[in-house]
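Each of the two complexes below includes subunit A, the first together with subunit B, the second together with subunit C.
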Partner chain A sequence: MMSQYLFYFLTFVAIFCALLVVFSKNPIYSALFLIVTFFATAGHYFLLNAQFLAAVHVIVYAGAIMVLFIYVIMMLNLNREVEPHKSTAIKIAATVCGCILGLVLVAALRETEMSAISEYSNPGIGLIERLGNVLFGAYMVPFEISTVLFLSAMVGAVFLSKKSIH
Partner chain B sequence: MEIIKGIPLTSYILLCSILFSIGAIGVLYRRNALVIFMCIELMLNSSNLLLVAFSRYFSDTNAQVFVFFIMAVAAAEVSVGLAILMMVYRNTKTTDIDALNKLKF
Partner chain C sequence: MLSPEIIYKIILILAVFTVTLVVAMWSTYAERKVAAVLQDRLGPNRAGPWGFFQPVADGLKMFTKEEFIPGTADKQLFILGPCLAMLTALMTGVVIPWGGDLTFGGHSYKLQITDINIGILYLLGVVSVGVYGIMIGGWSSNNKYSLIGALRASSQMISYEIAMGLALISLVMMTGTLSLGEIVHQQDAGWANIVYQPLGFLIFIICAFAETNRAPFDLPETESELIGGYHTEYSSMKLGFFLFAEYINMFISSAIIASLYFGGYNFPFQHSLGLEGNALSLVQTFVFFCKVFFFIFFYMWVRWTIPRFRYDQLMNLGWKTLIPLAILNLFITGIVIGFRNGFFQ
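Let's look at the complex of A and B:
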């Protein structure tokens, strides 16, 4: 019962803060509300017994990605005054398009038959031990390739932020 | 903490659809390239949450490994994307996405 209330609370926080990310005028407020949304998502991971992913989510998103975002916002000195404005017609069109997308997704997935849910569900699948065994067993090669991805991302970031490219 | 007894999987599908749609609205609604990036993160996040929910309800560890890889790709994407954004800002002196309409028909 307790976890149900927690689920609804986290859902409310996630959706409310996601809306505020989109509709707040100041980019720094958007970034801060996005951090709250990430924490709510991490709470959902905890509820789903994915402790390892919850920890990684907080570290990677709230710790690394959002710090990068806020750093860039502060470096570019973005605030409410320099925020570009879109015309009202485009805003209404965007909102209607997004709502239609949500409607289509919900309508398509609402009637899905979830027949294959196993009764003997194993609560320990999100633990770091099981996950590590799978990650370093079956997914060893993709894991190594992701390090190459990080290296190329690092090289790309350094190359792009050089002052002049000759 | 038996979440899957009390909450049907449909609730998670609904939540993730709503979060994804909010992200899509943000991409269409805002003109600041930085906020558009944030909304893309929101959409990635909702798909991650849905993968974890499915992995829990179907007792499958593979989905959580995929979420791990998606997080890795998102981190790499953000670092390169923000570097591109800095480059754009240096050349156009704005983060308005409509300043880059040279390829527009």
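Let's look at the complex of A and C:
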């Protein structure tokens, strides 16, 4: 029962703040509401017994990526007056695209069975020990390949940011 | 009806909260006295014997000063900044084991608010969101110096978090657990972790200095370049919160260093003293606080001894020295664990 109330509370916070991200005029406010949304999502992970995922979600998204976002917004010093406005045609196109994406998501989720999520059948499913065994056991090769992908992305970013190479 | 367990937790939370605030208050006094000793001065000596009530006088002064919000500042965020700084500073205290178990009426109670099994990740999470107070405060002031201070704070904290995380991963690999209670408990049986992880400890303590924005890493508030850095526009108790959060961070990070690398509340020969149960726990808590106070003193000692880095030196140290060293430490730890498990035979 308790987790039911928590679920509704977190869902409300997540959706409300996600809307504020879009509707805030000031980019700093948008970024801050996005952080609150990330925290609410992390709470959902906790409810699903995925503790590791929740902690890493906070560390990586709320702690690292959003700090860099806000850093860039502060550097560029964006505010209401200088924010460039797109033309009306682009705004209409964006709205139509968003609605179509929403339609696809609703169509995909309409047939899913929701009962599997609410049962919390295995309390140990998200523990780090189990996750580590799965990642370094059954999914060893995909995991290692994705790490190599990250490494190459990092090297690429460093290479691109270098202005001149002697 | 509340169960005894919940009442105990509430009392413990209040106790930890109070102790944190009191220690942080008198740390400001200790800082000025340590600075005075190192510079051959007297330090504060007017309020009470040896100036002992100076923190109380400072607190009253902060509360009674004029509350000023600049006209061009973003009001909500200007107030939110110091609140967030205080909040994140106080959040870490819940996972620290302050002593052994206490027994009342046949029930055993842990002197730790919660021993979550992702304790280390919780620490890293709180540390990683800890920068928002300074960033929001610095940006919302609408002042160039504050903004530069906030930018410096954010880039510094992001840079040093990486090395700190890597140093912690070596420790986690060695102990095989992410729970702080378990890490401290393991050091009861064997040596303190500093013996196995000297390099990891060195990296961790340097990063802890950088994360708490203490000298020689206090670039976000360099008074000679940026007036007051991120808190230039702040006055009254909002400034007090920012300054106070730094001392709380110092206390909490000292407690974390003591727990992770110096055996926490354990001390040598603790089981051959003939002490049992609650008496032993109280002695352990006393020993733990001695260790914590030593590290707080160490923070002050370093601040009044080593001059501040230049900004590029700070970044070079973080990215080109500490991160490679932390990766080397990780590598060595991995090889040693492999040898111990007979992987190479």
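Heads up, the rule we're going with is that the second predicted complex is superposed on the first by the 126 of 166 C-alpha atoms of A that agree within 3 Å, B and C clash if a C-alpha of one lies under 4 Å from a C-alpha of the other, contacts with A are read in each partner's own complex, and residues count from 1 in each chain.
Methods note: contacts are C-beta pairs under 8 Å (C-beta built on N, C-alpha and C of every residue); 3 or more make two chains touch, one makes a residue touch a chain.
The structure displayed is predicted, hence computed values, not measured ones.
In the superposed model, A:153 lies in contact with subunit B only, and not with subunit C.
When both complexes are overlaid on chain A, the residue A:58 reaches subunit C alone and has no touch with subunit B. In the superposition on chain A, contact is made by A:106 with subunit B only, not with subunit C. When both complexes are overlaid on chain A, the residue A:35 reaches subunit C alone and has no touch with subunit B.
Once the two complexes are overlaid on the shared chain, A:86 sits against subunit B while remaining clear of subunit C. Of the two partners subunit B and subunit C, more residues of subunit A are touched by B. Common to the subunit B-facing and subunit C-facing surfaces of subunit A are residues 52, 56, 64, 68, 75.
Put simply, subunit B touches subunit A in their complex at residues 1-4, 6-11, 13-15, 17-26, 28-32, 34-35, 37-39, 41-42, 45, 48-49, 52-53, 55-62, 64-65, 67-69, 71-80, 82-87, 89, 94-96, 98. Taken together, the subunit A residues at the contact with subunit B in this complex read 1, 3-4, 7, 11, 14-15, 18-19, 21-23, 27, 30-31, 34, 37-38, 41, 44-45, 47-50, 52-53, 56-57, 60-61, 64-65, 68-69, 72-73, 75-76, 78, 82-86, 91, 93-95, 97-99, 101-102, 105-106, 109-110, 112, 114, 116-118, 120-123, 125-126, 130-131, 134-135, 138-139, 142, 146, 149-150, 152-154, 156-158, 160-161. Partner subunit C is touched in their complex by these residues of subunit A: 28, 32, 35, 51-52, 55-56, 58-59, 62-64, 67-68, 70-71, 74-75, 77, 127-128.
The part of subunit C that touches subunit A in the complex is made up of residues 74, 77, 116-118, 121-122, 124-125, 127-129, 131-132, 135-136, 139, 147, 150-151, 154-155, 157-158, 161, 178.
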